[in-house]
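These are the structures, in structure tokens.
First chain A sits with chain B, and in the next complex the same chain sits with chain C.
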Partner chain A sequence: MFFHIVLERNMQLHPRHFGPHLRDKLVAKLMKDVEGTCSGRHGFVVAITGVEDIGKGLIREGTGFVTFPVKYQCVVFRPFKGEILEAVVTMVNKMGFFAEAGPVQIFVSNHLIPDDMEFQSGDVPNYTTSDGSVKIQKESEVRLKIIGTRVDATEIFCIGTIKDDFLGVISDPGGAL
Partner chain B sequence: MSGMEEEENAAELKIGEEFLKAKCLMNCEVAIILEHKWEQLQHMSDGGADQVSQVFEKSQAYVKRFSRYKNPDAVRQVRETLSRYSLVEFELCTLGNLCPDTADEAKALVPSLVPGGRFDSDDRVDKMLNDLSLIKKFE
Partner chain C sequence: VRWSVRGRLVRLTARAFYDDISIKGDTQAKTSRGDNRGMAVVVLDGLTRRQWVREEDLAKSLKLHSKQLRRVLRFFEEEKLVTRDHRKESAKGAKIYSAAAAAAGDGQPTKEGEEKVKLHTHSYCCLDYAQICDVVRYRIHRMKKTLKDELDSRNTVQHYICPNCKKRYSAFDALQLISYTDEYFHCENCNGELLAESDKLSSEEMGDGDDNARKRRREKLNDMQQRIDEQLKPLQAQLKRVKDLPAPEFGSLQSWERLNLGAFAHGDSAAAEAARNAQGQYNGTPMPYLGDTKVDVELAGSGVKAEGDESGRDGSALKVLPPWMVREGMNLTKEQRGESSNTSKGDEKSEVKDEKKQDSKEDEKSLQDEYLKAYYEALKKRQEEEDAKRMQQEGQAFSSEIHSERQVGMKAKREDENGEDEGVEWEEEQPAGNTSEEPYKFVDLNAEAPESGDDEEDEIDWEEG
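Let's turn to the complex of A and B:
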């Protein structure tokens, strides 16, 4: 899910940037440092939408750098266990398939794909029902439920399932193209 | 931190105090925000548009693909309409993103609707979904 939240960060600025454009420098540096990063707690920072407050700077002894506490609003994407969302399939193999929902990767193991769907290898590997009516392949759009998340320093990785009511394929690229 | 890592479960709205109180965004709302930001970046002199992160690009592609409503007025209306049903932000956005067709589907996708007596009868869920589909129809 995407959220609009307020975060705070202490920014260090070199004294050469002090002057009439100090604020602009700070904001530009903030965007450069923060946008595109990921933390386990807040998820992926997609975009900074505004700066709420820049506090009083504090000179650091010895270096001359100044630390400013900056409060900013941003759009983050944070996946949660139990969340249901739509995703695009990026890779299919006999272990299951990978899908992407914005910045996050989700793996759906073949144990969590309905039992009536079989893996078919070939040019376009896919999972298909015995009657061929439903097919999951690269670029398919699926609705899935996140059942687990793994967080490391710079990425969040999810495990999902489509083995539940109202989950599964919502569009078939074969039909659309 | 409130120990949310242990018990996290969106189906029961256990997403941590911080996110429960935060404003959730539907995909269509994110699409509008990112589009706006994208335009701003392109107007910047030092080629700001070249520097967008992969996270930004992927998110933008995602929300463009999965926005149910395109027109900003409709997007606003969806939020207004859903706000009348005493939903938690997270529920509101899940419904707005997935647009379920039936009450059963809505309750399966957002299980937290069931307890608490906000939706004693399916009629109320149906009415809400109907309101949503009307917005889509007249978009």
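Let's turn to the complex of A and C:
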């Protein structure tokens, strides 16, 4: 799920950036540092949408670096148990398949794949129904439901299932549909 | 006794899901004094006998405090069983409602003199039958699905075990376990191939207390599933019966009032009566069975029964018809139509009853209901015939009586064959054009059959191509 929230961060700025464009430099550095990171508490920071407040800078003794407390608005993405996501399959093996929904890695184990889908090894490993009408392979897009998340300080990993109504392949890798 | 099909559905629903729900206000939450379980059932039952009803009136007739009632209704509104409407209105507005209610045959006593020309906010409520079907079906579906998911352990996280060093992993560790040389997960310690824990090895070796608990839980779930199936069977049957019927549309409060008033405004009560019938039975669209099937045969006992129901004694819709009920019905006919063919009718009746008793109990209940319905239909019809006959001439009474006798027999037979009486009764309720209805139906059937055949062919073609 996406959230638009306000976060705070202490930014250290090198003295060479001091000047008329200090603020711009600060924001640029903030974006570079923060966007794409993951915190267990808030999820993945997708984008910074605005800077609310830059506090008073504090000069570090010895280095000359200045620390600014910065409040910024950002869009974060955090997967939840029970959430339905659309994801792209990245790897298929005998144990199941891995998929990515944006920055989130999701593993779907083979007992959470419908029973009528069988693993086919070979050049392109895939899961296929007996009549061959549905195939899950690398680059397939699937709709899945998250049944568990493992949230570390800097990492979120999910387990999903496609063994439920309206879940499964939503488009083939070739894009024929 | 004239429980409508939908009314029965609501009653069953009330008893299945809202029997032990106590609706507490914020203030009552602490005290145990207000044990109002069962009140929900009473209110729902009360609503099945009405269309749009002013909440004060409902409270009065149910002998509930209006605050209590409102709390219950709010609960049901959230449950999507009841639609409510609030509006500010003067005494005149209230009168419009009263007139509409009277026209709709609710027969609510109205006290016109008491009301002043002050604006009051009045609340009205009504069962939303169309939605109720969906709500109940969804509820049952969710219950079953939750259980099934649990049983299939669908949402559990897969565990893996290393056969060499017995180290256990869960699917959360999957990222670390992938090997790029083959398709299996590999142990971080010894690089052995991991096995999914549901495989035989693990169940043999890891069969400890944890496994036992799981087994017990499974048994419990199985048991629960069976009980759900069993206990909801009557409700499911009722749902199936209701499914194909058109939903009775009361519309919003305004449109309902307009509809009923429209009939009333024509002046004579006959028009209102006709409109009521049109709405209720003959028109087909609004409601085939709703409340208003006020058969003239209303027995002296039925009023008592309704009251008993009001006070919350449940199951009266399900109970086997007490013998005094039948007796009374027969008396009534006897009075009205003299002694002539009464005995033979009684025999026939008892025969049918005996047949029914042989059936299983559940069937008996529903059959009883259906039989009763058919019986009253037949009675009503007969009465109408009787009246007409009496008005015309008395000389031919004998022959026409034989005729009507046969009809009753035929009808009962049909009930037994079909199992569902809706279609049949609906047809027979058509005041005229009964004959024109049947050929139409046949045509319809014929038209359907080839169509489905085409579909199949199409499918085959499509698969080949």
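One rule holds in what follows: the second predicted complex is superposed on the first by the 159 of 177 C-alpha atoms of A that agree within 3 Å, B and C clash if a C-alpha of one lies under 4 Å from a C-alpha of the other, contacts with A are read in each partner's own complex, and residues count from 1 in each chain.
FYI, contacts are C-beta pairs under 8 Å (C-beta built on N, C-alpha and C of every residue); 3 or more make two chains touch, one makes a residue touch a chain.
Note that the coordinates shown come from a computational prediction; the quantities given were computed from them, not determined experimentally.
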item	value
Partner chain in contact with A:N10 - chain B first, chain C second, else both or neither	neither
First, second, both or neither for A:P125, with chain B first and chain C second	second
Chain B versus chain C as contact partner of A:F157, first or second or both or neither	second
Which of chain B and chain C A:T63 touches, first, second, both or neither	neither
Superposition-derived comparison: chain B or chain C, residues of chain A touched	B
Which of chain B and chain C A:V45 touches, first, second, both or neither	first
Partner chain in contact with A:V88 - chain B first, chain C second, else both or neither	first
Chain B versus chain C as contact partner of A:Q105, first or second or both or neither	second
Common interface positions of chain A, toward chain B and toward chain C	164
Residue ranges of chain C in contact with chain A within the complex	154-158, 160, 171-172, 174-175, 178, 183-185, 196, 198
For the chain B and chain A complex, residues of the former touching the latter	1, 8-12, 14-15, 18-19, 22-27, 29-30, 33-34, 37, 51-56, 58-59, 62-63, 65-66, 90, 93-94, 97-98, 100, 105, 108-110
Parts of chain A lying in touch with chain C, wherever the complex brings them together	91, 93-96, 98, 105, 107, 109-112, 121, 125, 147-148, 150, 157, 159, 161, 163-164
Contacting residues of chain A [partner chain B, same complex]	1-5, 32, 35-38, 41, 44-47, 49, 75, 77-78, 80-86, 88, 100-103, 141, 143, 146, 149, 164-166
